[in-house]
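Let me begin by presenting the structure, written as structure tokens, before commenting on it.
Letters A, B, C and D mark the chains as written, and numbering starts fresh at 1 in each.
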């Protein structure tokens, strides 16, 4: 019996690879297993190798596994590209149709099952993925009945006949594999899971759901990988709440329309990836100086330019902090789990309204698209705080003058009214302005307003709930590992191994990127002999931010990966060890 | 009901004396009063340019945005609160150069706002460069030997983009202009009003006199039927777009807001930000 | 003189089997050969989308830029070297959503390049959202209850923007399409060709069959005169723009390059980068 | 006799204030005086206070003076706004027309001259500025004949009559003032200047001229303050060289068109200010990954958003370094004088072609618009270097394959061909690609190409001519002052005073902002007891860059000013001293 399994299904894009993985996962998730998925895909619609790698475990894991137990192959390319990941004792289950052959150095055993043929015999070759699931079941020694419900839900609409056929396909796959396996049937039997009901979703689902929970009722966006799911979810759900999504003509319209809607008093969001964010820079500055709340999601992907649109990267960090001309108050958050993506997005709307400034929720492709088991989301933990939004009757201002929308206050935040309110009339402009929003160029006013805006965030690193996720058991650590976004689980796993090797390792994942929680990070840095920052980019952006804020320029080292793939646990493990062995941390 | 004086604030516009934009401002104030608005129920969104300052000169909610983006901002405001009257406004550079894409798309989207362009055929605020409305041959700071591009016809483009309300006016015709803005505000859907608003400082060709001599009022054209799109297009072509009046209006097409599935019937900004726990549970259950 | 095979490279397009873009590629290769080009004298600039990949599938200089900006890039290339033949190309989202402003301005600027849009009424590469060419009511991933915006008519817009060459074709009509591209390349000025190029994966409405049933060839319309702009506009309106052929051509207007004061008669990229000392001294003297 | 003078003329915008200053300056410049001008103006066309403050000196000065000797006022507002700058012994010359009054605490003496009346009598009140110049001459005891040539040049086209009338107006102004001054005639006589011919220009002139000298033959741009002059100059001059300027529909078109032109083999430029640069971010990334040379000028102004469009600021630094999504090689230069603006812009084209990447020439409003005396520009110092541009016949590639435009080389730079060349066919894309430009997503290729691109600039800080302007006479300094762009002259002057106070002060102006010359700056920082970075922004952007690169986080302090005005020498002087006195450096 094993307590975890790494399973991969691969084939040509457009062949149903995704749905094969999906059905397999939903069923296992319902049994209480923890799943963590990774999709390899390209920027094209049909054709080209794609695969879905799924980690199944009886305990929580949030990392892609280093190696592979089972590979389901729908074409030869899948074997060629992936066989090296399989260890001794691993299994390849391949469709007979393409006459699979294994390279000489393949460590795993090949089982050839006529997926397509069996499926065709049962009615349609489209069901070949069901056959493959059945075959997998045989290896796991799992009863195929676990798929009953899922298949029913997915195909129920199409009638009982279809449901039955699909279940038959699974059965047939199981049977065929059973024969081939012989006594190896159930060779990879999984320990029983806890049967708890957990969620199975991608980060983008959580972001979108977080928006709904956070009171968002309007979105303006333009499609782009890997952000589109957020828009597509809200398109389906906002109408239930009176809200809506507008797919705009471009990202500039998306950002400015969302600004307009927020100014109008609705919690509004926009989401995009790198190229879209680059286009939104001017709008972000406008939100900053007009003190208009806005939540903007950046699902980072491989850059620069169009770059690697379907690949993992974390290279927009600096652009998100610094990428508009001039200086504005701005909040950049980086959830490092799907759960955090949910809570942080909801919270982003509170911060945007409380601080009246743009809030960027940074994600990365692996967090946004990696489908995984997620702990139940607790709606009662979601607050709605609207800051200084005026919701009471305003007295008529003296001399019929304008409302002091930009009143200079101690905390820098001014009362905010939205159009439609009596006696709240004021002006809003991207030009420097006085307390009522009237353009003003005087040196004195400029300084006063600039200081007012910039001081809004002075205290944020203290009031923000968890600016740094910490797993820091050691008062004095040999090593402190820092990261952000989706690397958390992988770092966790690597740390497990480093600790087994006898090292004392602390771990911190920066969740509030800007303003930077310098004090907290400084004390962590000071409490470690060596410090390494793990990032999916080429220039060590987070490391640079840390250096700028806490110094220790020479102590802070980087482990970088920018080949389009997420880190694997063994990469972090070995590189950290090497650093120690050669003393070059 | 507010009078037009209640749409005045105490700011002295910083336009040059004689600038066409003064009358546009006055017409907007009058139209707002005439259609029965209260200042707090009007939001004027404007772009960047001399003309863009207008949102600061009208007593109403005002949003002076960034260059070329008044329309997306204005559409966002309207979507947030369909009970507001929203006017977007700006210059010809703002709307037809950097903002061209938004203009065409706002027209076809048909959200119920009014867009007023102060068209002076030049970039005023940046001191006299050519605009997409500058005629071929027009000498400006950026085309010292005369522009070699053709001017766009906003009216023709709007018709082609599927506009439901297209009108043109001249800033000195305060009465006409006011009436057209009223009609635009009352139109259910996107209303697009291009106003010839001379720049007395940088445009020495398209002057008040020039317009007086070259403009034709549509109501002087016999049999002109503003519900006939083909006739509208032909008339524009024939008169080189130099006509004033309501060129085309389609009152039958529903506005965008009327078509949005599930859209709140009242101001969206007043809707509840919380969910029933049951609603949330249902949403979450989809992921199990 | 190169044959069309010399415009082939060894890259297998990653389009879905049956995608309309294959024929557009073939037509471009044929047209390039037919007008007598050598591969190195052709530059194909493309946007981002399934269609945008085309610049990588033709053996010529190719520039695959960013979403919506193929036209400004292409115009820059042409200005750098007027001896090159420059074709810009991309999808309907690329050219009519994010790139709409550039499209209108490239048309009115009239630089001598050819712009070919692969119009599939959908966003292909991002997996099936609505495009500005999607018809009202069309159900897509982003409009599950049907689009509530009106589709734009690129042809009408182009005419309104002052186009000197406007044509439309259908990707299966390889002969017609090739001839139109040839005419576009030969046209002196900006030539705009919209090609109905079905997306077999995401657009189940505007299919090959649908087009076959709904398109009218202009050469079947008696008395159709492509030099008559008014007739062109009327015909478009009447046929809901569902026509193919050269809709309008004005061969009399000089192209932008011909009008640029002082513009090098040969490729600008071959001109000397240094100045005479005397020339420099003259320039400097103006500041004394 | 004095060796320097500070003169200011003020009135309403659109009244000819600029031309008054202009005529005065041209004449004095020709006499060999050094002039340094500062324009106070607003973002409106007519009306609103404007003034022109001019420093005249017999030695080179590049700073606005702290105070004022002579104020010429065309309206009461000019007096009210500026009188405090006048010291004891200063002179106000005001037009009788507006019945000038001086506030009680005015230290200067008021002389009322009927500018308008005199001018009207001589023909037209428009000549009132000539009368004012004449009156100034009387204070300086300067012969009015020095204006003969200038007036002739400016009005010559309009006929001798007009020339004469204008000279008469100057004479009349002189005479009127002579009477009023009595024995104070020539009270502020200037020492004779050296009579050397120098230039009188703004930074934008130098940038534009540098572009011409650097081989630029195409520009695509969109108007914006304070960058438009660059475009307007090139519109006039490029046609003489076969080139041209296209005023595009927006900044995105400008940047991408310039990219197209550079790809086409022409040296092409684009220029803008903050808002335009924010819009160009996506294009900059495209140039980075396609390795297309492009020179982009950013004339910084008050931000964020529309901000303070006619005011001084240096707040785009971070956005210029980091403001595109993903990671590209990019060069950011910051000339600190008008001369450097000329040479640097010309050189920018060489670097862009040699490194095949975007080069941003950073300026600021005071450098771009401050009109000043400039040392002769030496064209022979301008080189044309085109890097690995292939200008020889290319052999037919094997198998008719594509040219390796992105060949992996040791220095990271690949051979570059432009369209039209036989056998040079290749593909260019913003998607990650292989050596021939074909899209490729493999991890291996990605890393190789990313490394190739990023290593191009590895050595730049060593080969770049003067990455840091240094005036560092002290091996061990009490204080090191750092700055960039236009602050150089002001810092110079402040240092003079600090040295007089007995402090040892080194000065460095960063000219290569990115990649950052870390080693050089580190050794300067180490050689100083205290370090202060002077910037016109609110967040200390250069200071942050320095901290990130050289550490010493606690040693590096900031003096910031962000009220829209350039620093004055006394501000730097006193703030540096205070820091020392209160020990809080």
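Going forward, a residue touches a chain if its C-beta (ideal position, glycine included) is under 8 Å from a C-beta of that chain, and two chains touch if they have at least 3 such contacts.
Only a predicted model underlies this, so the values are computations on that prediction, with no experimental measurement involved.
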Note: of the two pairs C-D and A-C, more contacts are counted for C-D
Quick one: point me to the chain whose Cα centre is farthest from that of chain B.
-> A
In whole angstrom, what separates the CA-based centres of chain B and chain C?
-> 30
Between chain C and chain D, centroid-to-centroid distance (C-alpha), Å | 41
Measure off the straight-line distance from the CA centroid of chain A to the CA centroid of chain D, and report it in whole Å.
-> 44
Between chain A and chain C, the Cα-mean centres are separated in Å by 38
When you check chain D against every other chain, which residues touch at least two of them?
-> 42-43, 249-250, 252, 275, 282, 286, 290, 305-306, 429-431
Among all residues of chain C, those touching at least two other chains are 48, 66, 97-98, 100-101, 104-105, 109, 132, 260-261
Note which residues of chain A are touching chain C in the complex, please.
-> 14, 42-48, 222-225, 228, 231-232, 235-236, 245, 247, 249-251, 275, 305-306
State the interface residues of chain D toward chain C in the complex, per the touch definition above.
-> 29-30, 197-201, 205, 209, 212-215, 217-218, 220, 237-244, 246, 248-250, 252-254, 256-268, 282-283, 286, 290, 374, 376-377, 379-380, 384, 400-402, 418-431, 437-439
Note which residues of chain B are touching chain C in the complex, please.
-> 97-101, 104-105, 108-110, 132, 145, 148-153, 156-157, 159-162, 229-230, 233-234, 237, 256, 259-261
Counting only contacts in the complex, chain C reaches chain A at residues 14-17, 48, 50, 66-68, 97-98, 100, 123-127, 129-130, 132, 141-144, 201
Provide the residue numbers of chain C that touch chain D in the complex, in ascending order.
-> 9-11, 38-41, 43, 45, 48, 53, 55-56, 59-66, 69, 71-81, 83-84, 101-102, 104-105, 109, 260-264, 267-269, 271, 273-275, 277, 279-280, 283-284, 287-288
